[in-house]
Amino acid sequence: MEILAYILISTGLIFFLGTTIGLLRFPDFYSRMHAASKGDTLSTVLILLGCICLVSTQGEMNWLLGLKILLIINFIFIGSPTATHAMMDAGNKAGAEPWKKDSE
Amino acid sequence: MLLVLVRAVKGPTVIDRLVAINVIGTKSIVLLLFAGILFGQLEMFVDIALGYGLLNYIVSIAASRYYQHRRCLEPTHTANGGQPSRWKS
Amino acid sequence: MMPSLPIWQFDVLLLVLVVLFAVVALSIRNLMGAAVVFGAYSFMMCLIWAGMGAVDVAFTEAAVGAGVSTVFIVSTIYNTSATMRSRPGGIAFKLFIGVVVTLAGVFLLSALPDFPDWGDPNSPANATVAPYYIENSIRDTHVPNLVTSVLADYRGFDTLLETIVVFIACIAIYSILRIETAKSKTDEPEEDTATAPPSYDPSDSLIVRQASRFMVPFMQLFALYVIAHGHYSPGGGFQGGVILGASLILLAISFDLKFILRQWREKPLMLLVASGVCLYATVGLACMFTGGNYLDYGSLDSVLPNDRAMARSHGILLVEIGVGITVMFSMLAIHINLASNGRFDRGL
Amino acid sequence: MENLIANFNYVIVVILMMIGLWSMLAQKNLIKKCIGMAILQTGIILFFISIGAKNNALIPILTEAAYSDPDVATVANPLTQILMLTAIVVGVATLGVGLGLAQKIYHQHSSFDEDEILENQRK
């Protein structure tokens, strides 16, 4: 169980590394958003799942803890794409220019 | 990890910053849980993280609402200082 | 019990980050960007409190920073403008202020050797009155969360007055923004057309609205859990109240301000803000009538079924509910006032 | 130098407070002043919390094992924490008041800039 937890957490960290690199290196707002939203949600969910596995190995009352972390995952799964959609809409409305190949 | 994001916070436009803040918000949930594991009393930190998970998208929604409405407002405010240079930080 | 925690390095890193965020937030010329970076600053602060073991403070900061304070700044900017005028000159003035402030900082730093070390268990603050609370809380009140018991019982007066401060801030907002616009309702429309946002476009944010509709009940349920379970886990009236207020603010920004105003009209809103403080004060008075001092919940045991310590626990719960009501509705009232510039019609 | 490490939190407190104070004095923009006020406030809160922190101490919520005889050394100081907990909420309320004042001023002078407001006043 613990090995599974570490595997999940390190996978999440790798995805998060991808997120940060994408956030830094992509040329325009929309692609940065792409990297940020997907990688961020996925890595958070993976790390939290790893936390559940880690928690379930120790102590009693851990089902409640696991349930709470599952709730956090649920809310992130709803909230993060919503926020992404809202921000994307805002960027579109505010007139952020999509990056074109010949613009640089 | 967060150190890398600091550069993103200095990103070119406001909305980029918004994205970065959203990422930082979700990552602070994870860091809170790690702090809880380090303290050995995770059940106390889970509540804070849950509150974060519920709340941290309010800011981005508020900001996006701001941009949705503000776009139509621009002409009335040109009197107070020309075209607002929104895209320069 | 626990080995020395590796938290301190983590803390030092976060402290440096916090200073960085503060500088960035102040150096960004666009006010919107400044507000957003200020939100990140408050995230970092929350992590620092958690790292230092102050979970309740971290919880408050999380609720406040993620839900409320940034929204206040955004709604203010929404009603005004986000651009800063760049002016020639003024550098000398800023430098002068900088020198003065640096001198003050050096002056403060010169007192550094007199302070106890960071995390010293025997420092005066930790060694005088705090051990009493730690040792006696369970015996006196049956409340394992020391912060709650100290907050609402041992230092009940303090909290009562802090709640009144929040209440007064709400009244102050009303008298600053609301009263004049409410009086001069007749000449409102002409000015309105110039600055009013466009009417609400329902096709704008269907996803956002549906997600909010899904999230808000969970938020409110969680907030009630936080208030009620504050005896055993981090939480209490302030945190729960802020989360409840934030859930209503979320409704107000994802739907329309009119939507929330249909549910909470102006007069009941203010009455509820006052009723929270009144509940707190009434509990104190009830203690006097049953023979104790003001806010001495122990004397309520003649009314409540259990023994003296349990009565104090129940008294804490009542007081926390009062605090929660006041904080919740004053957050909502402040947001409505700021977002609609006191007109109570439409806004962010 | 060792002293500096041991008291690193106070150094940060002083830096934060001075940043806040500088922005309150030197920034011309009222919103920036409000943000500076909030930063000054968090500096003070940090001061109190770090005074109350203890090495090797857990959070101030007693575990069931410690109900009968809590060990003072392993529980962080609750007193400073409650003072600051209320201070944060009050701080948000005062931030709201400050922003409300700024909004009122903006709608009278259509500017956040201190100098322009003063010029408008003189007219």
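By letter and in written order, the chains are A, B, C and D; residue numbering begins at 1 in each of them.
Keep in mind that, in the parts below, a contact is a pair of C-beta atoms (placed from the backbone, for glycine too) under 8 Å apart; a residue touches a chain by one contact, two chains touch by 3 or more.
Computed from a predicted model, the values in this text were never measured in an experiment.
Colleague: Which pair, B-D or A-C, has more C-beta contacts?
Modeller: A-C
Colleague: Roughly how far is chain B from chain D, centre to centre by C-alpha average, rounded to an integer in Å?
Modeller: A distance of 20 Å separates the two centres.
Colleague: Any idea how many Å lie between the Cα centroids of chain A and chain C?
Modeller: Between these chains, centre-to-centre, one finds 28 Å.
Colleague: Averaged over CA atoms, how far is the centre of chain A from the centre of chain D? Could you give it in whole Å?
Modeller: So the centre of chain A lies 30 Å away from the centre of chain D.
Colleague: Between chain A and chain B, what distance separates the C-alpha centroids? Give it in angstrom.
Modeller: Their C-alpha centroids are separated by 14 Å.
Colleague: For chain A, write out the residues touching at least two other chains, lowest number first.
Modeller: 75, 79, 82, 86, 89, in rising order.
Colleague: Touching at least two other chains at once: which residues of chain D meet that condition?
Modeller: Chain D, residues with two or more chain partners: 58-59, 61, 63, 111.
Colleague: Using the touch rule from the top of the page, what residues of chain B touch 2 or more other chains?
Modeller: Touching at least two other chains: 18, 20, 39-40, 43-44, 47, 50, 54, 56, 61, 63-66, 68, 70, 80, 86.
Colleague: Between which chains is there touch?
Modeller: A-B, A-C, B-C, B-D, C-D
Colleague: Show me the residue ranges of chain D that touch chain B in the complex, using the header's touch definition.
Modeller: Counting only chain D, the residues touching chain B are 58-59, 61, 63, 110-111.
Colleague: Within the complex, which stretch of chain B touches chain A?
Modeller: Listed in rising order, the residues of chain B that touch chain A are 1, 4-5, 7-8, 11, 13, 15-16, 18-20, 22-23, 26-27, 29-30, 33, 37, 42-43, 46-47, 49-50, 53-54, 56-57, 60-61, 63-68, 70-71, 86-87.
Colleague: Can you name the residues of chain B that touch chain D in the complex?
Modeller: 39-41, 44, 80
Colleague: Can you list the chain C residues touching chain A in their complex?
Modeller: Going by the criterion above, the answer is residues 204-205, 207-208, 211-212, 214-215, 218.
Colleague: What residues on chain C touch chain D, complex-wise?
Modeller: Contact set of chain C toward chain D: 1-5, 11-12, 15-16, 18-19, 22-23, 25-26, 31, 34-35, 38, 41-42, 45, 48-49, 52-57, 60-61, 64, 68-69, 72-73, 76-77, 79-81, 84-85, 87, 90, 93-94, 97-98, 100-102, 104-105, 108-109, 112-113, 115-121, 123, 125-126, 129-131, 133-135, 137-138, 144-147, 150-151, 155, 158-159, 162, 165-166, 169-170, 172-173, 176-177, 232-234, 238, 241-242, 327, 330-331, 334, 337-338, 341.
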